[in-house]
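Read from first to last, the chains carry the letters A, B, C, D and E; within each, the first residue is number 1.
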Amino acid sequence: MKIALSLAALVALALAPFGVSDYGLGLLIGAVTYVTLASGWAVFSGHTRYVSLATVAFYGTGAYTVAVLNEAMPYWLVLIVAGLIGAAIALVVGLSTLRLAGVYFVIFTFGLSELVRQLITWYEVNVTGTLGRYIFLDVSAREIYWQMLALGAATIALTAWIQRHRLGLALRVIGDDEVVAAHSGIPLARTKLTAFVLSATILTLAGAIASPRWVYVEPSIVFNPTVSFLTVIMALLGGANRLWGPVLGAVPLFLAFEWLSARFPDTYPIFLGLLFILVVFALPDGILAGLERLKTRKTEDRA
Amino acid sequence: MTNFSRRAALRAIALWTAASTLIGGPALAEGDKVRIGYAVARTGANATGAGITTIPNYELWVKTVNAAGGLKMPDGSQRMIEVVEYDNRSSNEDLVRSIERLASQDKVDLILPPWGTGPNLAVAPLFDRFGYPQLAVTAVTDKAPDFVKRWKRSFWLLGGGHDYAEGLVDVLKAARDAGTINNKIAAVSVADGFGIDLISGARPAFKQAGFDLVYDKSYPLGTSDFSAILSEAKASGADSFVAFSYPPGSFGMTKTAQSMGFNPKVFYLSVGGAFPIYPGIADGKAEGVMAIGGVNADSPAMQEYFARHTKEIGNPPDSWASAITYASLQMLEQAVARVGLDHEALANELSTGSFDTVIGTVKLEDNQLRDLWWVGQWQGGAFRAIDPADKPGASAPIIPKPAW
Amino acid sequence: MLEVTDLRITYGKHVALDGASISVGAGEMVAILGANGAGKSSLLGAVGGRVRPASGQVTYKGRDLLRLPQHALVEEGIALVPEGRGIFPGLSVAENLDLGARPRRAKARAGAIREQVFTLFPKLAERRAQIAGTMSGGEQQMVAIGRALMSAPDLLLLDEPSLGLAPIVVQEVFAALARIRASGLTIMIVEQNARATLALADRAYLIEAGRITGSGPADTLRTDPAVVRAFLGGAAVAES
Amino acid sequence: MLVTTLILGLVLGGTYALLALGLTLQYGISRIMNLAYGEFTLVSAFALVALFKGAGVPPLLAIVLIAPLGYAVGWILYAVMMRPLVARAGDAGRLDVASILATFGLMFLIQGGLLVTFGADFTSITYLDQGVNVLGVPVALNRLIAFAICVVAGGGLVLALGRTRWGLALRAVAQTPGSAPLVGIDVNRVARQGFALGTALAAIAGASIAMHQTFSATDGVVFTMKALVIVIMGGVGNVAGTLIAGLALGLVETFVATAIDPGLTLAATFAIFLVVLLWRPQGLFGRR
Amino acid sequence: MTLLAIDHVTKRFGGLTAVNELSFTLAQGEVVGLLGPNGSGKTTLVNLISGDLAADGGRITLAGETLTGRRPDQVARAGVARTFQLVRILPSLSLTENVMIPAVFGAKSHWGAEARAVARDALERVGLAGRAETSAGALTYIDQKRLELARALAAEPRLLLLDEWLAGLNPTELAEGIALIRSLSESGITILIVEHIMEAVRALCSRVVVMNSGRLIADEATETALRDPHVIAAYLGEGTDA
């Protein structure tokens, strides 16, 4: 039933571009991109509670890969290569960092994004001598939307699968208590690495798919740390350890951004900040948990 | 019970009001207004650039036009301008969506471009697809000739990196040939598209002119301390210090050079050097500092523009891209007066017509503005254009620069 | 001196303590005995300000303790040594003790009290510069008790002071308690080691499933067959 | 050359260390991971400029005025906004998440306020800009003053924390907040003091940055991140460690800029930071 | 047959030698007590066996298979289960889920209904079967201890390490706990018990190993050890043998 409903929603979403304006399509792309990012982020961070700020390191790498390779090989091949590069980076990074815990991991992943950005900049400046790169790809907004929708749907399906699979249980146990996890026979490094690489691949692909819309990329554009922050906030807001949590955080927040910035171009950061603080105080465990609490309270009232 | 329902009703009313103001979006246009939209960076990394060069001029122009009764139409009627503005949050993704919104949702009559090279390139395909003419001002790119071919209704008004680099070389060469400076140059560049474009244009030009580039380093965006760089440059023995820099860097280097007593004969900066706040930053010792851009400070039109900008916005414009931004709006205004709001006719008129603006008479060549000032210098409290030296209104350079 | 009336403590739906009333007189040592989860630590926690009861009263020298936040109790003369010791593992022994001497009445006499503590636990004097977290469990317990004494309390609350300690250390701790007891300090203790505790205490309360089910002089309880069966078990451990 | 690098590096490092002091207190003692920290410094920087340009108050006097104001603001902010988060969080991990989210909102709020009030322009003042000869190396006087402020504030803090009863209570709360009430410490009060003191230091740092650096309303994130890197390197809550890490970072950046390539300064910063994290996750001077 | 062999194992923390050239063995099916004063290195040894710490010297083998140098999860899959000095349960998961974990990730890697069955068995053995679906956070202290034991059992271990599992229990509970451990031993599990409660040690262990300052000071029958003057001096103190 739930699967049928999800599939119906997916079909409806896939057909949506035929019924909306270009701006509507732009909104859909934006919303689906953030859903994909937040859900992809949650594949690793949702259960393990490792708050990663490296989202943009992967997202940007995806975009940059397309910028570098888009004239050298066919588009589908570029996407595959981007995914592989993201996975490879995640593997190397994961191997060296996944023993860091708590806030140290948070700051590390942030530093990582900055390091990647600085190194690419330095390389481009000193070796290739050009910094900006152009993406003149003949990919329409609709195609971008469908690709992103497919990636987003695949991410959610993957999350659902993981949650039923032993990997999901392992991640939950790691999130609760790594010591118990290890002594129950869960290989910590391999489990975390698997999830981290999966998550990173999704994030990299999202960047690769989104990039043709930007036409021109340079490190300061593609490695915009705001993306990392927004992803975390959206996932946490909805409830990062639940299947539909990231969706529930990403969509309303994305729309709130859009409304506020259109309505109050000068003062919207103030409203947004207030809204944010309000949400943190009113919904401490995320929207989904808040909704559930409301539901149980209602049933209790009735009883 | 009554208490509860009254509260609920109040809450519902409050919610409804809030929701309707939020969802309603910009009020629907009245038929006789011209709706002009733009999506500029109000927040994020590009906010400073847009806040100095782009937004004030957009606001000033709209104010001026509306005060005069509105935009003139070919039939002689006048229509007031109504602005639809979004914040692109310095993110290209948001920018692209905002332009889509302006074009397909708000269906505005005209769209003004965002600030910056990258953002202008990001929106170029959209302007092209929706058919809007794009007057890209704040985009410095050597690839403008290619872009014009790719996007027929795009106009590139600020030249390319090579132009500025070669302009600078002209000035330095003249001074070297006159024996005023030695042939050593110390150059630094900010590591982003703009800085790299300029330095990669400058390197061969310096070499060809027989200069010796004794110090040539780039520094990352976000560098705040220039002591090390400047002490190296000082030690290099070069008479000319050239910085392809952004405002924080331009300002930081000025202050550092002053405090460490670094007095090269030529002190050249890029973005920020022509900002009105620069003399203040330089503690009133801006005399002789060279920078990218420049204006004909003696032209009455320019003086009038400076005065109006100062009065309406609260501070003077910068002496490089501001005036050109304003000129691009005047071009648009005059083109509309001649051919109306039809995009194709407008683009055609912009491409072929000639316009009377604050920077003089403008006629585009191959959709590009080539008649530009490449180098300017602070002289007697004003930032004056010094290169091309043969362009009317050019001032003679002061070399060596007086010590700080 | 301490009067607990009708105390009720709940954690969510779980009722930990259901209407307990006890009293502790000045100079007395009172033990609370009971099974795990019977509510002993909750009772002690409520007196020590760590647990907020749902209802009931705790008065100390006529003052209502429940109105005071936990940190204010030290100033009132109540010192708690909680289960798990609650020392500052990152600070030195001397710093831990100094922190104990924060209350106004203790500050002036800090030097003298410190000497007493060092007499009681000579090891602490030897190791005053050592980082407390690097000491063994028994030594940490001494730091905890020593720190509580530094506040010159009128009432000392002890929660399972022998938990996790080797028999020889348990003896040491109880020997120290006996000396503290002899100095006339009022003590309320929760302890698993019922035999050793009853040997020291004046009176004891028995708690079962959140209710006080019995009380009496320690000597009587030690020989009460029901108590022996429920709390003292077979062979005793480390009886002093 | 080496002397030049050393002196320039130390002076730069001093401003870094000063920037990070407040954050290490806020995170170390009050346990608030404050993403709006950079915005705090910016507010103070703008306040200094406004006082100087608008009312002619000399910056050094302005700092003396701004610092207590920062303390008051921090005090109120903790009481109103952070305290409820601490009260409901339960454990450190949840508090990290809650404070990251809440201060992220605060960051937007302050940034928006700054943009509306002061605009997006670059701001700077000219004050005591002249060079001073330090062992043959010319250094701007305002930077030297900032360095002196760092030494005084940092040194004072180290002494106060290490030698006084008040400092001992702060350290006790920083390390084991759960045990602090047992010795009569009001954790809430100490955490509030720590946060307020941190805000005051942020204000001092911001004001001294305004004396010698160009800044704009959007620079907050840069400051926050720099401070965060230093705090983590020095060991959270470790004031002496923060001072040393800040100075070290300044030296490294200057050394890389002169000896290797200015283009790699920021990369070097982050590379060192990452290496430190991997090698000693608790920071160079933190205790495991 | 020897199941666990500790062979000249050494562990240093900075200048402190926590475990010093320690050697002893456990035979298949034996229940051995590991005694020693606080800080003598007992928990360090348990951590060395279970893979939490890496030894600086020596070798640990389980049925001939080397454990030294392996990670905790590998040691767990080799058949070693443990409990912790301070109870560690996963409060957000249900009892069944808590207990399932080692069944899923241990040597046998059960999944689905199979894993649940193993979990139910283990819960039944510790008397928690009735509350299998409640969340673990709601349990009382003693039940949390039971749950931890059930989790160790679900790993179907060859060697069980109990680190002060009986601490904090009152006499009635203690008697139950002892009976429970005895029933495990009877089912063939080899058990190493770190414990301070002599009553329990006497009741359960035929043999004890006593450590002091990282060294082995006795490895003998329980009754002998408890009369051993070295042991009494280091660990039990005077007048213990009541």
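Everything that follows uses one rule, which is that a contact is a pair of C-beta atoms (placed from the backbone, for glycine too) under 8 Å apart; a residue touches a chain by one contact, two chains touch by 3 or more.
Per UniProt, the chains are A = Branched-chain amino acid transport system permease protein LivM; C = Branched-chain amino acid family ABC transporter ATPase; E = ABC transporter.
Bear in mind that the values here come from a model prediction, so they are computed numbers and not experimental data.
**Q** Out of curiosity, which chains are bumping into both chain B and chain D?
**A** Intersection of chain B and chain D contact lists gives A.
**Q** Using the touch definition up top, find the fewest steps from chain A to chain D.
**A** Between chain A and chain D, the shortest chain-hopping route counts 1.
**Q** Which chain's centre, taken as the mean of its Cα atoms, is farthest from the centre of chain E (ABC transporter)?
**A** That would be chain B.
**Q** Across the interfaces A-E and A-B, which one involves more C-beta pairs in contact?
**A** Higher contact count goes to A-B.
**Q** Where the centres are mean C-alpha positions, what is the separation of chain B from chain E (ABC transporter), in Å?
**A** Each chain's C-alpha centroid was found; their separation is 73 Å.
**Q** Once you find the CA centre of chain A and the CA centre of chain B, what distance in Å lies between them?
**A** Spacing between the chain centres: roughly 34 Å.
**Q** What is the distance in Å between the mean C-alpha positions of chain C and chain D?
**A** 43
**Q** Can you check how far apart chain D and chain E (ABC transporter) are, centre to centre, with Cα atoms defining each centre and the answer in Å?
**A** The computed centroid separation for chain D versus chain E (ABC transporter) comes out at 48 Å.
**Q** Hunt down the residues of chain C that sit against at least two other chains at once, touch-wise.
**A** Not one residue of chain C touches more than one other chain, so the list is empty.
**Q** Mind pulling the residue numbers of chain D that touch at least two other chains?
**A** 111-112, 115, 261, 263, 266-267
**Q** By the touch rule stated above, which residues of chain A touch at least two different other chains?
**A** Residue numbers touching two or more other chains: 118, 121-122, 125-126, 266, 268-269.
**Q** Which pairs of chains touch each other in this structure?
**A** A-B, A-D, A-E, B-D, C-D, C-E
**Q** Taking the complex as given, what residues does chain D use to touch chain B?
**A** Interface residues on chain D, with respect to chain B: 1, 4-5, 8-9, 11-12, 111-112, 115, 119-122, 124, 126, 129-131, 137-143, 212-218, 222, 250, 253-254, 257-258, 261-263, 265-267.
**Q** Considering the complex alone, what residue numbers of chain C touch chain D?
**A** Interface residues on the chain C side: 49-50, 69-75, 79-82, 86-91, 95, 98-100, 102-103, 147-148, 151.
**Q** Using the touch rule from the top, collect the residues of chain C that touch chain E (ABC transporter) in their complex.
**A** It comes out as residues 14, 34-37, 135-139, 160, 163-172, 192, 194, 230-240.
**Q** In their shared complex, at which residues does chain A touch chain E (ABC transporter)?
**A** Within the complex, chain A contacts chain E (ABC transporter) at residues 166, 169-170, 172-173, 176-177, 179-189.
**Q** Show which residues of chain D lie in contact with chain A when the two form their complex.
**A** Against chain A, the touching part of chain D is residues 27, 33, 81, 84-85, 88, 92-93, 96-98, 100-102, 104-113, 115-116, 221, 225, 228-229, 232, 236, 261, 263-264, 266-267, 270-271, 273-274, 277-278, 281.
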